[in-house]
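Two complexes are shown next, each including chain A; its partner changes from chain B in the first to chain C in the second.
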Partner chain A sequence: MAVNNPCQALLRKIQQVEFVTLELNLYLNTHPEDQKALEQYNCMHRELCELKKQYEQQYGPLLNYGWGMNTGNSWRWAEQPWPWEM
Partner chain B sequence: MKNFTFKVFPAQSGSENKQDEEVAKNSIEQPSVAKMDALWPETAKKCPPCVPLPPQMPCPPMEPMPTPPQMPCPPMGPMPPQMPCPPMGGLMAPPFTCPYFRLAHSYVPWQNYDVVYNPAEALCKGTLFPELHMPQGKYGPCEGPQPCRIHFGGGVPYGCE
Partner chain C sequence: MWIYEKKLQYPVNVSGKNVQLAKWIITQYGGPDGELAASLRYLNQRYAMPTERAKAVLNDIGTEELAHLEIVGTLVYKLTKDASVAELKAAGLGGHYADHDRALFYVDAVGNPWTAAYIQAKGDPIADLTENMAAEQKARATYNWLINLSDDPQVTDVLRFLREREVVHFQRFGETLNYMQEYLNEKKYY
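Entry: the complex of A and B
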């Protein structure tokens, strides 16, 4: 996916940080006592939450059925471009 | 992780086996060294004259093999406790000596959290850990889409942005 606009750039940043949390999650499954990895995981989790919140405030919910926040006076889930339109 | 290791103990020659051993000793007569010498002719005891080996043929020029990426070894973690070699005659293959390697056992080195990629590089390379990064196309002629495209046509180019 080419990054052409701020929305896509922010989405790409979310993908990157989410991937790091996934990798740290897998590492911690086998290294549950690794303090450095735990610290890094929590740091990445906070950053991911911040990025998702920022995205949803600006562009609409990332997930539906109650898992994402809608801002504004209209239902933005239906207004957003679909993944294949981005 | 638990290390499941089979321990093989030699059969104990207890009191119940002693009678059998006595029978075996009486029934099989071991030839003495003197008797063995008499059985062999004098000519057989001497080594035949050494024949020079044929000259070594020069090896054909090797095609350059694809080399895996040179990566620094991660720092070694604490080694498992050293265990004494169990008395197991002939159970181990010669190159793999005790105590770490045995036939039909698999070993995975312990991963340590050290240097990691930044998020953009991690997503691009498909792993957070440099020691797990295995780029496509470096380990075979048709490992990823790009080499397949080169060899067989089709496929799409890949790579980081």
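Entry: the complex of A and C
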């Protein structure tokens, strides 16, 4: 699907990587000894953290309650558009 | 506790206003086989589960259902936000407008409000896991019927994603049920 700006493109990448980690999470709940899946989970976790950090530095917090970082001189959480408005 | 992530699990785009389609899709927001029912059913059943695996499966699928609730809410919001009163009326949403204006509400496709009577927690892990497998199939079938009704390819894309998730959850609940049966059988011998 076409994306029209770099913010959306990075968000799309985060959605893709996070989907993989979610799928692995559900799979590992019922296959807790699968070594290959465990390895993939940790690898994708690292990539997801990196992407989220990059997003939050450039476009504002993705997470609240201290899980996301605020940059600049104002509280950005409530400034960015909400998901249903994007 | 839960942490909110300011993004959707899957991108939602619509081709334009489509009040009729929104009226049908809202059943997956507040209908009998919708995402609110799914989420509340699973998160509530966690407490009575005897194995760590089953608690994790219910916790995590219940959480993903909340993300799906937001996706369905976004679809309805985007499909109705610019609708005129005449358009709402023409699509059979005159009653909804009278009670809620354009606000979303937890109702099914014909306007019945959500009720906890849609869900159950039996305290028996086999009964509860079997109910959840049936719930996933009913949700999958509902998405199928919504896909048949959809005349917006961008909406259909989102509905297909949600339908696929029901299939994956059914699979995980089935594995959890098998493991639970083994666990309960083993317990009898000790």
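The criterion applied here is as follows: the second predicted complex is superposed on the first by the 84 of 86 C-alpha atoms of A that agree within 3 Å, B and C clash if a C-alpha of one lies under 4 Å from a C-alpha of the other, contacts with A are read in each partner's own complex, and residues count from 1 in each chain.
Keep this in mind: a contact is a pair of C-beta atoms (placed from the backbone, for glycine too) under 8 Å apart; a residue touches a chain by one contact, two chains touch by 3 or more.
Since the structure is predicted, the reported quantities are computational estimates derived from the model, not experimental observations.
In the superposed model, A:34 lies in contact with chain B only, and not with chain C. Looking at the shared chain after the overlay, A:65 reaches chain C, while chain B stays out of its contact range.
Using the contact criterion defined above for the overlaid structures, shared-chain residue A:15 touches chain B and also reaches chain C. Of the two partner chains placed by the overlay, only chain B lies in contact with A:24; chain C stays clear of it.
Applying the stated touch rule to the two superposed structures, the overlap between the chain B and chain C interfaces on chain A comprises residues 15, 19, 23, 27, 30-31. Residues of chain B that touch chain A in their complex: 1, 111, 113, 116, 119-120, 122-123, 127-129, 161. The touching residues of chain A, when paired with chain B in their complex, are 3, 13, 15-17, 19-20, 23-24, 27, 30-31, 34, 36-37, 40, 44.
Within the complex formed with chain C, the residues of chain A that make contact are 1, 11-12, 14-15, 18-19, 22-23, 25-27, 29-32, 61-65, 67, 77, 80, 82-84.
Across the complex, chain C meets chain A through its residues 3-13, 53, 56-57, 60-61, 64, 70, 73-74, 77-78, 157, 168-169, 172, 175-176, 179.
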